[in-house]
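In the two assemblies presented below, subunit A is common to both, partnered first by subunit B and then by subunit C.
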Partner chain A sequence: MRQPLPLMSGHMDFVVLGQQIVNGLVNGMAYVLIATGLTLIFGVLRIVNFAHGEFYMLGAFITYYIITLMGVDYIWAAAIATVVVAGLGILANVLFFWPLRKEHEFTILLSSLGLALLLTNGGEVIFGADPKYIPSPFSEEIVELGDIFVTQQRVLVFGVGVVVLVALYYFIKNSTMGKMMRATAQNPEGAALTGINIRKVHAVTFLLACGLAALAGALVGPTAMIFPTVGSWAVLKGFIVVIMGGLGSIPGALVGGLLLGVIESLGGGYISLGFAEAIGYAIIIVVLLWRPQGLFGVARKA
Partner chain B sequence: MTNRFLSILAIAVLAILPTLTGSSYLHHLMVLWMIFALMALSLNIIIGYLGELTFGHAAFFGIGAYAGVIFGMDYGVGGVAALIIAGAIAGLFGLVIGYVALRIVGPQFAILTLGFGSIIYTITNYWVDVTRGPMGITNIPPLSLGTEWLTFTTAKQYFYLSFVCVVIFAYVLHALVSSRTGRAFIATRENPQLASSIGIDIFRMKLLGFVVATVVAGVAGALYAHYVKVITPELMGLQYMSAFVIMVIVGGRGTIVGPIIGALIYVGLLELLRPLGAMRLVIFAALLIASVIFLPGGLVSLWRKVFYRRGSAGDVAKEA
Partner chain C sequence: MITRRILMAAGAALMAGSLFAGVVQAADKPPVRIGAILPLSGAGAFDGQLAAEGMEAMASIINKKGGILDGRMIELVKYDDKGVPEEAVSAAKRAIEQDKVDAIVGGWFSAVALSLKEETRDKMLTIMTSSQHPKVTEEGHKYNFRLNATSTMNSNTYSKFICDKMGLKTIAFITINDDYGRLEAQNYEKLLGECGIKTLGNEYYNRNDTDFTTALTKIRALKPDAIYVSAINTSQGATIYRQIRQVGYKGTIIASAGNMNPKLVELSGPALEGVYSVSLFAPDSDNPVLQEWIAEYKSQFSNEPAFIGSLGAQAVQLLADAMNKVGDSRDYDKIAAALKDGAQETLLGTFEFDDKGQALQQAYLIRVVDGKITSVKD
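Let's turn to the complex of A and B:
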C-alpha cells in the first residue's frame, strides 16, 4: 500500500531479503553466545565440554520457573537464572572438571558427555518432557526498522548479545583475571609458575561460559518452546559454530555464529525450509576443505 | 594358547546360548547384543587402535540401515547383496568424510565428526522422497538369502546371523592387529611423529582404519534395520551416538573382548534398570561417568588387574 506499484516487486524482494538477514543475525547472535562459552572453555582450559548445552537448557528452565512460580518480572528472572546457572557452572567445575584436569582428554570429554546425559535425563525427570513457553512482555511487541519487522524480544537477544560480548572482550583484554586467563591459555604450567592461581582461572572460566549459555537460554527461550532435550540442540549448534570459526577462538565464534545464522535463514527462505540446516552444514564442509582448522583456528596437525 | 582356548570356549558358549532359553524376549536382547557388539568392535578400530575419538559413527550405522533397506525395498536388491551394498555405501561416505576430517586430530576431530554426523542426520530427516523423513521406513521385509528356508524371520535366526558376523569380524580384527598394518595403527596412536619417521603413512593408515570401521558399521546398520523392521533418522541421533561410544569405553578400548562386553553391559544394564522408569537414564549416565573416571581402561582392565596384577597390564592401561 505504502509503495508505488511499479516499484513493488523489486522493493518487496529487497524487504524480504532484509527480513531474512535480520532474522539470521538474531538467530546467529544466540549461536554466538552459546559458542563463545564453549570456545572459551576450550581456549583457556583445553576442555571440550559436551554438557555446555545443558547450561543453556537450565538457563531457560530456571527463568521459566522463576517467572511462573515466583511471579518475578521476565528481566529479573533472566538475570537471576543467569547468575544461578553461572554458580552451577562453578559447581560443575569443582565437582567434575577440576578433579579431572590431569586425566586424558578422552576421559574428560566422555565424562562431560556423561554429565550431559545426566542433566538432560535429570531435567526430563524434574521438569517433565512436555514443552514449555517462557512468557515475556517483549514477545508480543513489534519493532519496525523501515519495512522490516522484528519482535522486541529478538531485538533484546541481539542487543544484550552485543553488550555482553563487548564487556567480555574488555574483561579478557584489560582485567587482571582476563590476563591470567590468557596466560593460562598460552601455557598452563608457565602461568602457574608465575603465581597465577589456576584453580581460580578454572572457576572463572566456567562461571563466564555457563553464565553465557544460561543467558542465551533465558533470552532465546521466549522465542520458541523449551524442553529438556534443547541442550543437545544448543551444544550441537555451538559445536558447529566453533568448528567453523576455529575451536578456541572468540572472534571465530562471533563470525561463525552470525554467518551460520544468516546462512540458515537465507537457505530456509530461498531454497527450502527443511534443508536450511543442511545448507548451513554444507557451507561448513566447504570452509573445512579450505581450512580444516576453521576460519580463525590453529591446527593441531598429526 | 590360553587365549585361543578362551576364545573357542566363548564362541561355543555363545553358540548354545539361545538354545538355553525359549524366551523370545531374551532372544531379542541377544540379537541387540550381537549387533551392538559388531558396532562397538568397528568403532573400537577408531577409538582403540587409531586413538581418535569419533562421534560420527552412529551416522554410518544409519547410512547402512537406510542403504540396505532402500536398495532392498525400492530396487529389489535383497539378502546378502543388500548387506554388501550397505557396507559399501557406508564405506564410501567414510572415505569422503575421513578424507576431510582425518587431517585434524584430537578434540577438533571428535567435534568435526559430530558435525558430519549431524549433517547426515539432517539430510536423512528432510530428504523425504528417498528416506521418508522423520516418520522413517516401516514394514521392512526380513532378510532373505534367496530361498524360502533361508529367510531370517525369528530373533534366534538373526542372533546366529549377527553372531557369525561378530566372530568373523573379531577374527579379522585379531589378524589385522597382529599384522604389520595393525602394528602401524598402534604406532600411529602411540607416537605419530615417530611412526611417520619410520615410513608409516599416518594419513593413509588412519583413512584405512576409518573406512574399514565405517564399512562394518554399515553392515551392522543393515542387519539392525532388517531385524527391527522399522528405521527412523533417530538411528543417527545423539542417543545412539553416545551409546556406541559408551560400549567401547566401558568395555575397554583397544581390545577385542572389551567392546563385546561393553555391548552386553549396555543392553543388559538398560534392561535391568527398566523398572526405575524415568530415572533409568539418569542412573545410567551416573554409572557411565563413574566408569569413565574410575576405570579409564574399561572393564577389561579390571580383569587384567585381578589376574595379572601388575606388569603385563597392556597398552591401554598404560595409556590411560
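Let's turn to the complex of A and C:
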C-alpha cells in the first residue's frame, strides 16, 4: 500500500538532511536545558529528583498565565516565570528534600515522586485539563537559512540554551558559591567541616536546577501545546540524557542532549517515527550495559 | 452539658427533618438515572469534560420542562473511565448493580466502547457516543446504539468532496499510529486514488509525541498539494497544524472528519484558517433544539459547546424521547424498538438508526472561517 519515497535530487536530499539535523539540534538543546538541572541536583546533592519535569511544566504554565492574565510580553513573562519557579525550587527543597537529607536515598526518591504527583494533579485541578498555547511572537516567524527553515522561537531555544550553559559553567567554575557546590559534590561532610554552609548550597542548587527547568518550559512551551502532564515527558527525556552523559556531569548533559536530539531526528526522518520514540530507551540499555557511568561520567566506587 | 444536649437534639431534629423531606420527595417521583461513563481524568479529560457538560445542559433543558414520564427528573450519575477499557467495565458494573441506573451513555473512545458493550450486552440500554470503530455496533447486542458515524462512513462522504472540489493531484498523510489512524490512511489512499489523487507518503506518529517537525520536514520534501491530518486529540492536533506552517509548508491542509472543535481552532490559530473538515455538528445550524441547547450550555459552562458535547446531549434527548414514547424507563425491548422506529428529530437534525443500532446521521462539510467553525453551503 505505501509508496516508497520517490528518488530526489542530490540537492534536495542534502537540504532534508540539513533540516533534520537542525531540528534535532534544537530539540536536543531543549533536552540539555531540562537535563542540566537534573544532573546538577544529582551531582551536588546526590538527589534523584523525579519532580524535575513538574518544574518544567510550572515554568510553561506560569509563563502562559503571566501573558494572558497580566498582558506582559512573552520575553518578560518567561523571565518572571523562571525566577518564580526558581523560588518555588527553594521552597520544595525546604519542605521535601532538606528535612530528609540524612535519610536513605530511597526515602528522598519517594519524596520527590510524591512531589511530582502532587504538582501534576494539583496542576490538573488548578490549570484545568484543557491544553493551552503560550502565545510567543516568535513562533510563527520563519528564519530561512538557504533552503532550511527554522522558526525564531526555535532559534531562541538554541541561543538562550548556549548563553545559559556558558554562564552556568563559569558560575560553577569561578564563583565562590560554585566552588562551594563543587566541594559539596566531592564530599559533603568534608565541605561542612571546612565551614561551607551546606544549607545554602542545597538552596542554591535547587534554585538553579528548577530555574533551568522552568526556563526550558517557557522556551519550549510555545513550540507545542502545554498540558499539566507534560512534565512526565520532560523528566523522561531528562533521564535519558543524564544516563547517556553520565549522572552529575554538565558537559555530559550538553553532549548527551544534543546527541539524543539529532539521533531521534535522523532516526525518525530516515527510519520511522516509531523508531525515534524507541531509540531513547535503546540508548539507556546500551549505555547501562557498556558504559554505566555514561559518556562523561567517572566510574564511582560503590 | 446543657448546651451540648441542646445541640445534639437540634442536630437530630435537623437530620430527621431532612430525611423525612428526602423520603417524601423520593416517594413522590423517583428520578430517571442515566449512567454517564466518561474520561474525567487522564489524557482524554478535556474531551470528557466537554461531553459531560453537553449531557448536563440537555438534562437541564428537559428537567426545566418538567422532566419525563409525567414529572420524573433526569439525573446523571457520572463515572470516570479514565479513557481505559477496564475502568469502563468496572464503572458499568457499579452503575448496573449498585446504582441501578436506567440506561448507560458512554463509549467516547473506540477501545473503551468495544469492552463496555460486552459488559452491558443484552442487559442494559447503552448509547455509545463518539467512538468511530465499525465493530462497536457490528457484533450483536440488542440494546446497543452508536451515534457517531463510523470512520468508514466519514471517509466515503469526505473523499467525494476532496475529489470533486479541492482540485488536488497529490496528497500526503500524517496519521496517528493506532487502529483508527491506520484504517483512515488505508481508506483515503484507496478512495482518493480512485479519483486520481496520488498519495506521496504517510507518516505515522505516536500517541505521546509532542514534536512533529521531523515527520513534517519529510512530508514537505515530498511537495504534496495537500496534507491530510488525522489527529484525534486536541493537543497533538493543534501542535501538528501549527508546525505544518512552521516548517514552511504552504499548500492545503485537510483536517480529518469528526475531530474539529472550538478549542482546536483557538489553539491552532492562523494555521487552521480556511481548513475543511466533516462533522455531524454544525454550530451555525438554525435547528431550534440545537440553538436552545447552545444557549443553555453557555449559561452554565465557560467552554464553547463542541461536537463531543452535542453527541452527549443527543444521547440524553433520544433516551428521554424513547422512554416517553414507551411510558417506561426500564422496558428495554420496547425502548430499543422505539429508538429504531423510523426517523427522529434531534439537536443534530433528523436521523435514524439501522437494525444494528448504528446511527445514519447527516454529515456536514465544515470550514474554519475567521476563527469560527462554519458549515459550507453549496
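By our rule, the second predicted complex is superposed on the first by the 285 of 302 C-alpha atoms of A that agree within 3 Å, B and C clash if a C-alpha of one lies under 4 Å from a C-alpha of the other, contacts with A are read in each partner's own complex, and residues count from 1 in each chain.
Operating definition for what follows: contacts are C-beta pairs under 8 Å (C-beta built on N, C-alpha and C of every residue); 3 or more make two chains touch, one makes a residue touch a chain.
The structure displayed is predicted, hence computed values, not measured ones.
Undergrad: Following the superposition defined at the top, how do subunit B and subunit C come out on subunit A, clash or fit?
TA: Aligned through their shared chain, the two binders fit side by side on subunit A.
Undergrad: Just to be sure I read the superposition right, which of the two partners does A:19 touch: subunit B = first, subunit C = second, or both, or neither?
TA: second
Undergrad: Is A:140 touching the first partner subunit B, the second partner subunit C, both, or neither of them?
TA: Second partner only.
Undergrad: Once the two structures are overlaid on A, work out the angle subunit B-subunit A-subunit C from the Cα centres, in steps of 10 degrees.
TA: Given the fit on chain A C-alpha atoms, the answer is 60 degrees.
Undergrad: Please indicate which partner A:124 is in contact with in the superposed arrangement: first for subunit B, second for subunit C, both, or neither.
TA: In the superposed model, A:124 contacts both subunit B and subunit C.
Undergrad: Touching A:277 in the superposition: subunit B (first), subunit C (second), both, neither?
TA: In the superposition, A:277 touches subunit B and subunit C alike.
Undergrad: After the superposition on A, what does A:239 contact: first (subunit B), second (subunit C), both or neither?
TA: first
Undergrad: Please indicate which partner A:187 is in contact with in the superposed arrangement: first for subunit B, second for subunit C, both, or neither.
TA: In the superposed model, A:187 contacts neither subunit B nor subunit C.
Undergrad: Have a look at where A:175 lands relative to subunit B and subunit C in the superposition and call it first, second, both or neither.
TA: neither
Undergrad: According to the stated criteria, A:268 is in contact with first (subunit B), second (subunit C), both, or neither; which is it?
TA: second
Undergrad: Check the superposed model and tell me the shortest C-alpha distance between subunit B and subunit C, rounded to whole Å.
TA: Taking the overlay as described at the top, subunit B lies 5 Å from subunit C at its nearest C-alpha.
Undergrad: Going by the contact definition given at the top, which residues of subunit A touch subunit B in one complex and subunit C in the other?
TA: The answer is residues 124, 272, 274, 277 of subunit A.
Undergrad: What does subunit A use to touch subunit B in their complex?
TA: Residues 42, 46, 48, 100, 103-107, 109-111, 113-115, 117-118, 121-122, 124-125, 232, 236, 239-240, 242-243, 247, 272, 274-275, 277-278, 281-282, 284-285, 288-289, 292-294, 297, 299-302.
Undergrad: Name, in rising order, each residue of subunit C that touches subunit A in their complex.
TA: 41, 43, 45-46, 49, 177, 186, 189, 199-206, 208-211, 213-215, 217-218, 221-222, 234-236, 238-239, 242-243, 245-248, 263, 266-267, 269-270, 303
Undergrad: Okay, in this complex, where on subunit B does subunit A touch?
TA: Touch residues, subunit B against subunit A: 47, 53, 100-108, 110-112, 114-115, 118-119, 122-123, 125-126, 128, 192, 202-203, 206, 238, 242, 245, 249, 278-279, 281-282, 284-286, 288-289, 292-293, 296, 319-320.
Undergrad: With touch defined as at the start, can you tell me which subunit A residues reach subunit C in the complex?
TA: Its residues touching subunit C are 1-3, 5-6, 8, 12, 15-16, 19-20, 23-24, 27, 124, 128-133, 139-140, 142, 144, 149, 151, 223-225, 227, 229-230, 233, 264-265, 268-269, 272-274, 276-277.
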